[in-house]
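Here it is: the structure, laid out below.
Letters A, B and C mark the chains as written, and numbering starts fresh at 1 in each.
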Amino acid sequence: MSDTGSILKIDNLNVHYGDFQALYDVSMEIKKGRVTSIIGSNGSGKTTLLNTVMGINKPTSGSITLNDKDISGMRTSKIVADGVTMSPEGSSIFEDMTIKENLLMGAYLPHARKRKTELVEKAFSLFPDLREKSGQLASLLSGGQRQMLSIAKAIVTDPQVIICDEISLGLAPVIIKDIYKKIKEINAAGMTVLLVEQEVKRSLKHSDYSYIMVKGRVVMEGVSGELPEEEVSSAYFGINKYA
Amino acid sequence: MKFNKPIKVAISVLILIVLLLMPKWGSDRFINIFILIFLYMSMGQMWNLLAGYAGLVSLGQQMFIGIGGYTVAVVCQSYNLPLWVGLIVAPFVCTLCALIISLPIFKMSGDFFTIGSWIVAEAMLLFFTNWSFVKYGFGFTISAGRVLTLTHRYIMALILGIGSVLVVYIALRTKFGLGIMAMRDNEGVSKVRGVKIYRTKLNCFLISAFITGLAGGAMHLFDGYIQPYAAFSIDWTVTMVFMVIIGGIGTIEGPILGAFIYVFLRQYLLNFPGVSMLIFGAIALIIILLAPKGIVGLLQDRTGFELFSVRRSIKAPKLPDKPESASQNT
Amino acid sequence: MYIIIQSVITGILLGGLYAVIGVGMSLVFGIMRLTNIAHGDLMILASYFTMLFAMEIVGNVFLALLITIVLMLILSFLIQTFLVNRVIDKGPEPSLLVMFGVSIIIRNALILIFGANNRTIPNPLSTTNILNSPNISISGGYLVNFIVGVAVVLVLMFIIQKTYFGMSIRATASNRMGAELLGVNTKRIFAYTLCLAVATASIAGLLIGQTFVFYPSTGPQYLITAFGVVVIGGMGSLGGTLVGGILLGLVQLLSAHFFGTGWQTIAGYVFMLVILTIRPQGIFAKARR
């Protein structure tokens, strides 16, 4: 992993909701061109972390740097303009707009707007299912298709880093497999991917490097292939060691 | 500053005695100012009861001022009955109107209620200007109030002002009142608890109509004149909003403080005719933006801040407790 | 019989004017979920601006309208950026009260500057009848109002439905966080939305000024008209404002015919209240868009 530089760096990040501290000194390094995964259960702080990276929450202390530029505390749309975007948990699609319009909205930023036809075409070729339905309202899509549209929309913004939050939540295994295949293709095309998952095995399988979060802290990290799955699982489930 | 109960009661009684004896020592001008303060205080309390506690942001309160005023005018002038009959009938007429009005506007929620209440008030204004019985837009002279001395007026205003504070206080401290608070904080939960939200909101609306109508009646009785464009003017509600916003919405002290500020500021702004409403609007706007809880809220935050920091210093060493023990286990 | 036909025709034509009065409010509500309580006062402010420029400075109504729109756009952008956007995430009440504050300030500033007197913007067409048969006449002014009204609504619908800018407005309304995650500064979009709405309000202000007398405190009256149009046509539906405007116009003119002109406005208010009570989503409400 040392051959590529890091693109997104999180340093000693602390986040509070009022009196409640949600993140404790979280540090991470997302390497360029890799798939990094964050594994954690509900309440582990991973969504808080993502929301803070995306400027939805403000950090109490610590920094988030993208290509050596501090982006912590910036407005979400500015962070997106700087090259990070997220396909959030649940739905971020525009229900009362067509699939095509949803994707065209991805090309909102000036640099993408110029190439909007090309970028939307790229998204369609990655997700051919969406092309078939391009004139339909997004509200008519199935759960899996919504997830794909959400990712496709994020790709059209032509980001350097794409964050995918819980993309497998509530989906059938066949569809999950399909979506992970797409993630691989996206990464192969040169995009840095940050996956966030609850499922240990799947995350380790589909990523290059992993961080395991428990109760707002990073408790384990390592090259995905080298991390012993059982130990990750016990950390994850809080058996003995970390509870 | 925390007072225990006996001291609080003693201070309240002392203030009440001072206020009651004011006609003995205050100048006429001073007493006139306090009459206005108490009348406006009662209106502000009622708007606050609606907007601050019941979640009903009404912009139609001027209709009760108008109806109250006109009831007094009609009873005392058209029917030549004694003024106290007018003052007794007026609030009940207003409450009855409120009950009828509630049928349509309680079907609306949020912003719709706000504008709905305003539409009703505007419709009422137009209705009065088209109604021959109340002499269209020309208005009435109300001569019944001429027999009242300054002390009479002062005592009436005092009762209204203090009474409105007590009504809100009792409403918030009784079972009925708890319903109001629960309703404001979380409609869903209190619904489960079985608080009859509709009834509670309606009660607030009726109470506000009763007291606002009485205040409107007294106001016009003292003025000796009523005319629909002034009586049903949105400016009444603007004033209520101003007092409550600047004093502190959702607090009993807010409208009291607001009434003092409003009346004194208005006295001062009399020297600058035409700009007073402009300045009130601007001040209210600034307060909403910078201190949405008003002056009382600011003071509470100050004291609350101290409490908060005390709580923190107790809690602070405990905070990392759990995660630390977690890492100790490793 | 002819008198009723005359009332129906006038009511429909008046409805076109009501549609422009309401369409901006509908837009702001549909996109921001904000009931712009200052809509009427912004309209009357535009009436005064147009009057001032047309009669005192440039002498040409169209040029005056253009200058007015530019000024109103700047004003609305400032209002949205510095006032509403600061409280819009705190729920509907603070935004409503902020707009209420704005409306009070505009109204009283107008009283201070122009006095409380009645004003009009001269319009040669208002006295010319396009059709002038013994039984039925059509006022040129009303006809122009109607045509302009329909045109404004159609243009606005085109902008919202067919342009990329309109698409980003719709996206923001549909899923604010989703739009923000694509790099859309949604607060900026809100400001643009208010600007669009106020541009229509400026046109409405000119038409109102040419058709009726106006004075500073007429704002609330047109706010209520706008609200009524929006309520009758369905909240947030731009096309619905045309239907809402025409229905309101018909109700007013027909009740003026049957009960006397003094009851025209009250009848409109009562109609609104009835609609609000029995069908708060509007008569023609269906799925949005």
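Here is the rule we use: contacts are C-beta pairs under 8 Å (C-beta built on N, C-alpha and C of every residue); 3 or more make two chains touch, one makes a residue touch a chain.
Bear in mind that the values here come from a model prediction, so they are computed numbers and not experimental data.
Engineer: Centre-to-centre on C-alpha atoms, which chain is most distant from chain B?
Structural biologist: So the farthest one, by centre of C-alpha atoms, is A.
Engineer: When you take the mean of every protein CA atom shown, which chain's own CA mean is nearest to it?
Structural biologist: C
Engineer: Let me have the rounded angstrom distance from the C-alpha centre of chain B over to the C-alpha centre of chain C, please.
Structural biologist: 32
Engineer: Based only on mean CA positions, could you tell me how far chain A sits from chain C in angstrom?
Structural biologist: Spacing between the chain centres: roughly 44 Å.
Engineer: How many angstrom between the C-alpha centroids of chain B and chain A?
Structural biologist: 51
Engineer: Identify all positions of chain A at which a residue touches two or more other chains, and write them in rising order.
Structural biologist: none
Engineer: Among the residues of chain C, which ones contact at least 2 other chains?
Structural biologist: There are none in chain C.
Engineer: List the residues on chain C that touch chain B in their complex, please.
Structural biologist: Against chain B, the touching part of chain C is residues 35, 37, 83, 86-87, 90, 92-94, 96-98, 100-102, 104-105, 107-109, 111-112, 220-221, 223-224, 227-228, 231, 262-263, 265-266, 269-270, 272-274, 276-277, 280.
Engineer: For the complex, give me every residue of chain A touching chain C.
Structural biologist: 54, 56, 75-78, 80-81, 85-88, 91-97, 101-102, 104-106, 108-109, 113, 153-154, 156-157
Engineer: What residues of chain B sit close enough to touch chain C in their complex?
Structural biologist: Result: residues 51, 57, 59, 103-105, 107-108, 110-112, 114-116, 118-120, 122-123, 126-127, 129-130, 234, 238, 241, 245, 274-275, 277-278, 280-282, 284-285, 288-289, 292 of chain B touch chain C.
Engineer: Residue numbers of chain C touching chain A in their complex, please.
Structural biologist: Listed in rising order, the residues are 164, 167-168, 170-171, 174-175, 177-186, 287-289.
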